[in-house]
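Both complexes shown next keep chain A, but they swap its partner, so chain B is in the first and chain C is in the second.
Presenting the complex of A and B:
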């Protein structure tokens, strides 16, 4: 067997034996994190009346944050800044060690600053999160297989819905920008690394600490609120809600750090000659996405801090009886919530737009229109949030203006469609696995987009809101479009990230299982929703039994397809065919570097003289 | 060529085993969750009687159940019930009732707690019982003042077409702390009261699963008394299985 994962450099492997950084890894992080968490828990609870809910919440929340802090200390996240503060900055050898130079597989379990390692960490983490979220979805659909099935209790069902929702949202936010934004993006722009390599590692490991916190919700009674965590329900909920609150606060720190890092990298570290109109479209999409996240997520974080204070310190931000307002929470949530949809969507779409020219061998049709489409979506996305609140009673006179801004967002979205269709027009597509994702996207996004227009319309929303129709609509956009884009991106960049080709036949099998199952699941759900089945309810009337049965069969089909994809990834990573440097004949910079990609990516930094989509041109 | 065929075979078998393993893992999670959904408390089965009663020209079999509402663990223990872990107000001996279908069910509640005021006066009315009344210490009543309530027994279900509708609301009268007659003479007047006996009857329909809860916010001081006991199962809420 050919071993691919070895350093190609002739430089001596750094080994700063006496440095503390050589002793720290994920295991030490977990030990220190556990000591911090349990130490804090037992110390604080000894002085509190633990029959009072406020005190329980206080102790649990502080313990969760201490786990995160302890883990980061234990893995060595703060060694660099600490050494700098005391005037003993890391030596060159230590910095190389921190970059994982020559450390083999162990660097994936360390605080490693190499952007390629961080990209792989994100990829594995995202796959794990999608696995957990998908399993929860199977449980939800099993409970809804027939009216009165009672597979789980309503309380467990509520937790399933909430934890499925938040797990998938977190996974989807990082599904493209995490693996590809970290591994591929810096190489695409001709950079040696990210602008802030230590922050890059920090963004992943902070996110990692949120995963056990979220999982702890199961052992603390679950979360009864769905992923929206509306107050005052979230304020009154049991101890499991603390896990949700802490997860969001920790996750918001991670996204802020990652967003600032990617934006700074793209703005300041592009190769010589890479003007803005020569930047690959994936880089543009990913950068607009993370730049959009930077102002959006803090509002969610603030709403969770306020929820935490209501739960622990007797404040009344969301208690109308004492001058607070439930609407305040809804606004803070949706000011994040709707831009977040595009934070998820844009990188996936941008990955597909990167794929189309390569497999059609034509330049990207109207690059400028694509940029305008992305910019238009990002700009309008911050002006549409109250369409989630049409029926809440909040200022009905503003429903009209928000309806107009929401419907306007279909214009830049249409531009994106036209760019893809224009690139496909009269082309002869090379029908490889990544290309299938493009066609699936066009179909799914069309359905997701058109059904969204009805929901943006106030009179239609009056009937459809809160129904399974809404659930089907946003799954068409988030899963049918964004996740399909990310999976196509995985098939496309897999050879560069792993040095091996993704098993094509298994990929095809997975693709068709997932796409057919997806249509069956969510078209059934559209029917049930249009007939009036409410979402987030554990049981339903017998009049919806056929559509729900069909939906559940579709869900199981997706599940099989996803397991096949997981098999394809694991098998191909271990034993797949060795990939050539540029298997697709693409023109972007990541396909010019060998595998394993050298520590600093390029021996000599490239100079860019044309755009990356010059297919079919004479020169 | 042979190696290639073998590799293909190995890949196919490996893939199939992996998919089966994946399905097994997801199924295992399902089994565990289903197990978690098992009843945490031993259900209380209504006692069936050989007697019948005729209502609106239709005969119904009779059944009965006896429950208590205890302000704390100690009081529950005094009445022979193994109480829940926390020292909160609680229904006993179980919060899961199993009732026979199409039956005239009589519930007797011995209630020992004090109270304040309902958030919504509607729950001070007796709803869904036979005759629209309940009996408190021998007197039939149709409602009690919203500020004289200790708890409610409010039984309802998801209105689906798979099971018959069932809604019963019975407000339970509080034991007044300023009423000397209501104190148990040997008990601490601050915490233990003599209590009331409430009896009511209702008709069950076909088989189905329903929930009941207390509509009086009786939690601790947090979240306007919706904290603590109001936020946990097994104390002031539960389910009713009609079988």
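Presenting the complex of A and C:
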């Protein structure tokens, strides 16, 4: 069916008889999860007055968590820890079975510990999430095609905005570190696997359990708060808000586990001779990104647990009448929320930095400056959160310091620009599909970055805050830069992940549709925002009708481009040209292993004797 | 936690796997530390803001400082007994049981506190201000630490009885568990200090 049908080994399939792990898969997980969820739901609701909002919230939230727990039990996620507890560790044969050795496509539906399988699971999952989020975006833009269009009701519009936002944020956080951080990164550093293979599988399947929870919001009245879920609005919102809260808590667990795993892998499992100044730049960017996520997301989790308790247990964290504060929520949210922007951005940018030297056949310009850029962005990103709160009235005397720290981020971002431009300088680029993403990034990030400076400026933000200008700005950074980087990464690493070349012509068509549509959509949105159109509002004044119509046309153009890309991926995966081991002539380690990549990646672990960007140097 | 089976597959030496696992646990401790930081930040924030005098409304009261320290005591005992067990392998069985029993006792006491907390205003069902709300969150975090600590301690007791704690090869495994026990004691102390002195 696909190239993934190939077994990864010619060894006999491990068959640890009588072991429970051979009987568990995604199907058993869903059955056990459903039993846990519905069992809990009907059991709890029987003793509750379900006309009281707190009781409804309590029953729903607990049922959602029980779904997640039940699924993980049903798929076998806890067999390892349980066996450790009773002193009977998994045998080597069971470990091999868990690694999916020789199991073909079925391993993608099991609790498989092979990092390549987890990478593909993330890739498919991310594409599905981007598809859902993108469809929601099309619906939002359709409603905004003209004043008073009434494509959806204002209540549904609010839900569309909330669901689009959180779906895309979750998808974008894992869009590069999920597929490439799991599949490619361990091979890039010359490791046989991730540091903690079972935790690796856990991070994916925990995230997977969050997807149905988030989808359930549709049937529970939606998420009317936008993705920021500001309190006390989120505390007062209907039952759909429980899905948001549960999703974030589950996702934060997945992120912490994945972050610890990737960081430990890179720190402790690099090949012999791979000193820190020989580590591929994608590995550096992805590691800084996930390391930044480790402390960032738990604070978001605190805010969500507080929201859950306010909604279910009558606590008063965010209720000013009883000593709470909405500002507290904003702090906890943005202490995570701004670093999260860079958690999204850095891996995509790092993927592009990996691509440029390969296609220009020049060493990466100033590798150290690139690392300083990444480190500077990560360091400053934790000191800027309150620029999201200039207009909230919280401690105006601190607006100035936060404005300065925010504007300082331009410096390390500029370094990253210089590294890419310096690598391109006087080069003769090999204009293949991945390379187009580099130029798109430079353009989009320039606009996203410059418009961000205005928003970091207190007087300008006074006018622009809460307008479509903000929406356009962060789409230029997150979609225009980070997603563009991730798509370029997909085009670049597709041959290694699937064994086939991505359909080049379809890729070009998709690229131009997406990039032209993107400029039309968001430049139109900048105009509407600068003229004062508020964001997250279902209808608008007739004075904005042209800019909105133009934006919606741009959105449809993006939609066409993304459908073409989806076709290209599916078609290429099934019937694409067979890829050679190293189609781009790159020097990093992932291009030295064959497809299918062997279970332990390397027969003999490599020894590194030079940096990975030695293009054009005499031997 | 079962890295010796990975050892068979990946051919890595136990001390290499140990270094890796310790780093992994410490990174997870960083994540948990950020969570604890978020709680303590919130405690300070709401205390200092005291919106509408709602931190501790009229008629409400603080829990005695001793209550918080009674919860922390088993965490400290568990961390110390585990450290002693690491260094005194002859008495490992006894000391690992001490670790487990102290954590189970702490779990029970924390559950008892949560089940009998004197905060809810019964006619409205609303918590008595933000101090009471913060106390609930901190107690819940302690409960999570107790449960996870008890799980690890139980595993060590069982494995010790099955003579699976090899004194030479698996020092790293005990050190990894010790990192967690030490962290939850530090976290408990930080929370108790906060609730004792910030009133």
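Side notes on the structure shown:
Criterion: the second predicted complex is superposed on the first by the 610 of 619 C-alpha atoms of A that agree within 3 Å, B and C clash if a C-alpha of one lies under 4 Å from a C-alpha of the other, contacts with A are read in each partner's own complex, and residues count from 1 in each chain.
As a convention for this text, a contact is a pair of C-beta atoms (placed from the backbone, for glycine too) under 8 Å apart; a residue touches a chain by one contact, two chains touch by 3 or more.
Not measured: the values here are computed from a predicted model.
Placing chain B and chain C on a common chain A by superposition gives a fit, with no clash between them. Shared-chain residue A:317: touches chain C; no touch with chain B. Of the two partner chains, chain C is the only one touched by A:263; chain B is not.
Once the two complexes are overlaid on the shared chain, A:535 sits clear of chain B and of chain C alike.
Applying the stated contact rule after C-alpha superposition, one finds that A:328 touches chain C and leaves chain B untouched.
Taking chain A as the reference, the larger set of touched residues comes from C, when chain B and chain C are compared. Residue contacts after overlaying the shared chain place A:193 against chain C, while chain B stays out of touching range. Aligning the two complexes via chain A yields an angle of 90° at the C-alpha centre of chain A, spanning the centres of chain B and chain C, rounded to a multiple of 10.
In the superposition on chain A, A:80 contacts chain C only, with no contact to chain B.
In the superposed pair of complexes, A:298 makes contact with chain C only, with no contact to chain B. The minimum CA-CA separation between chain B and chain C in the overlaid arrangement is 7 Å, rounded to the whole angstrom.
The intersection of chain A residues touching chain B with those touching chain C, taken from the two complexes, comprises 54, 314, 321.
If you check the complex, the residues on chain A that touch chain B are 51-54, 135, 138-139, 142, 147-148, 150-156, 160, 221, 232, 235-238, 314, 319, 321, 503, 506, 537-543, 559-560, 563-564, 566-567, 570-571.
Taken in their complex, chain C has these residues touching chain A: 1-2, 4-6, 8-10, 16, 19-21, 23-24, 27-28, 30-35, 37-39, 41-42, 45-46, 49-57, 120, 124-127, 129-134, 136-137, 140, 151, 154-155, 158-159, 161-162, 164. Listing the residues of chain B that touch chain A in their complex gives 11, 14-15, 18-19, 22-23, 25-26, 29-30, 33-34, 36-37, 86-88, 158-163, 208-209, 211, 219-224, 226-228, 230-233. Against chain C, in their complex, chain A makes its touches with residues 54, 80-81, 83-87, 89-92, 94-96, 99, 192-193, 195-197, 199, 256-257, 259-261, 263-264, 267-269, 291, 294-299, 301-303, 305-306, 309, 313-317, 320-325, 327-328, 331-332, 335, 600.
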